[in-house]
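Each of the two complexes below includes subunit A, the first together with subunit B, the second together with subunit C.
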Partner chain A sequence: MNDLAVEKTQSTPAITADSASGLLKMEGDSYPENSFEFFGPVMEWVREQLSDKACPLHLELRLIYLNTSSVRAMLDIFDMLEAAHGRGVDVAVVWYYDARNQRVADLAEEFKEDCTFAFEITAEEPD
Partner chain B sequence: MNQFDLYGLRKHFQNQRILLCFNGPISRSLIEELGNALKKYMEAECLQADAITDVFGIYIEMTQNIRHYAARHDYGEHEAEATVVIGTDERGRYLVEAGNRVERADGERLLARVRDLAGMDAAELKAVYKQQLRAPRDEAGASGSGLGLIDMARRSSAPLEADLRDAGAGGTFFSLRAMV
Partner chain C sequence: MVEPVESDFADARIVERVRQLLDDPAHVGNPLFEPLAELLQLATRQGERMERLIRIADGFQGAAMERHESLVASYDRNLRRLEKVVRISDLYHEGMRELSESLQAAATTDPLTGVGNRRFLMERLSEEQDRARRMGRPLTLALLDVDRFKTVNDRYGHEVGDQLLCQVADTIRGHLREYDICGRWGGEEFLLLFPEAGTEVMKACERVLDAVRAIELPGRPVGHCITASIGLTQVDYSSRGYSEGVNRADALLYRAKELGRDRIVHDFASQSPAD
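Right after this comes the complex of A and B.
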């Protein structure tokens, strides 16, 4: 299966995905005009990864600002994780945020409300 | 040389505490660059990270809504224009305002929606936000900018304000204001 390595831009996050370890990382701001186009390959990777019950998927996020269409795309990803969790697949999310920006924690918390799998929201102290 | 009265414009911007303004056809890259400048400015002013995210988020939703609206209506370059102003009030709160030409019926519908949202408290706004997030995508697209408006209302520290003006040639100009 193909892994992903997407470089960060001003309006899109850095994304790396490794199918062997099942680790998917996203970091940065996300406000592309067309989020479905941007997140398409990520969704495809998640779908592939989750199609095999033996594959875990751990999502490590350091997303900061998401426009509403990115929020919709993330919701689709979390819905896929939730369905896989229901089938017994090992899925987990850790969302790290800068302790100074409570908005990110609020956003993560609202996603977490609809998820029953392991979902950690962890503050990081700025350097 | 004085055709544009630059000094007068500058004085006007200063008196109105306008930090950034733009009028004309707005592109994706222009939205990003102006947004970047806005963010840098707020960071230099040592504004709190949450407030920066809110002002920036409102700016992005407003301008992207305008681009999406123009794209959906196959507007030519002239109609895809936006007017964007960001400034502060006398108490240092940030005001984000943007306007564009819309079809009258759409403008009326947006005004009504903004009025609905103005009557909601934080819990109600969260509930409609979550509901809209789960709405079928087609429906969300047809109703236009539904989620964006709610997102802005949630980030704004005062209810959103909207206005509709006759823009001549049968068009109307819709403008929206948020405050952080």
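Right after this comes the complex of A and C.
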């Protein structure tokens, strides 16, 4: 399976995906012009990673601003994780946020609402 | 399943009665025996067929119901999903709006004194000038400069100088009407804008100067009074742009300094300059 390494831009987050460790990281703002195109490869990676029950998927997020279609894409990813969790796949999310920006934590809580898998929201002190 | 009704029992009774009659050997020779037996067979077949039809119809109806229910469930699920997307998206937008507001406030506020900065004053002056022109109402502008501010800085240090500027800003704010505007034009110079007001603002300006004289400066020796001078002008809004009124107020302020400071100089018609 292809791993992902997408550079951060002003309107899209940095994305790295490593199938061997099952770690997917997303970091930055997300308001791509074409979210279907942007999130397509991520969705595909998640789908493939979750198709093998033996493969874990740990999602590490440092997302700040999401536009509407990015919100939808993230909810779709969490839905896939929820379904995989139901099949016994090892899935977990940690959403890191800048301790000075409580709003990001509140938003992460909104995303977490219907999830039954491990979903941590953790403050980070700025460098 | 449908509950059996009275007519179902009546049907069952007549079938049972005919069957008993046909079973009775005494009736075997009866000429009606054979047609009645055929009729009973026919009725039995019809009954079975009817039950099969009902079963099939029930099955179809059940499938339709299930399909309807699954559509309703998926519709509800999609609706909930959409509501969640909208709710989260709204929160992000709210965050952006607040951020934009705080950036706007930061861009138009003087960080030292907390009053509006020059950018804020230029925007408001331009707005108020347009409004005054539209409504045919007066608009009066004052430039206030703290007298010998450099001496305060030199003698007591910049920290005291900064404190003084904050106190002057508070003093001005405390003596204006709610809809008057004030801000730091630069250095130790403050701009005051009085919408819908003409020569009567003299009194307000005098009160401001009185209050400035009463400002207590930390470490200030007794008898050393803080004063300020004001150049006051009625904005001629037939002129476009904000600079003309400010320039005139500046010239009047300069005149006040020349005349010995701690005074107001205005260019109101039919009144001699106050000092």
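The criterion applied here is as follows: the second predicted complex is superposed on the first by the 127 of 127 C-alpha atoms of A that agree within 3 Å, B and C clash if a C-alpha of one lies under 4 Å from a C-alpha of the other, contacts with A are read in each partner's own complex, and residues count from 1 in each chain.
As a working rule, contacts are C-beta pairs under 8 Å (C-beta built on N, C-alpha and C of every residue); 3 or more make two chains touch, one makes a residue touch a chain.
For clarity, every value in this text was computed on a predicted model and none was experimentally measured.
Subunit A has more of its residues touched by B than by the other of subunit B and subunit C.
Of the two partner chains placed by the overlay, only subunit B lies in contact with A:S11; subunit C stays clear of it. In the superposition on chain A, contact is made by A:V71 with both subunit B and subunit C.
In the superposed pair of complexes, A:R100 makes contact with subunit B only, with no contact to subunit C. In the superposition on chain A, A:T116 makes contact with neither subunit B nor subunit C. Common to the subunit B and subunit C contact sets on subunit A are residues 65, 67-68, 71-72, 75, 103, 110. The touching residues of subunit B, when paired with subunit A in their complex, are 28, 32, 36, 48-50, 53-54, 56-57, 60-61, 64, 67-68, 126, 130, 133-134, 137, 147-148, 151. Subunit C contributes residues 81, 84-89, 91-92, 95-96 to its touches with subunit A in the complex. Of all residues in subunit A, only 10-11, 31, 33, 64-65, 67-69, 71-72, 75, 98, 100-104, 110 touch subunit B in the complex they form. Interface residues of subunit A, counted against subunit C in their complex, comprise 65-68, 71-72, 75, 103, 106-107, 110-111, 113-114.
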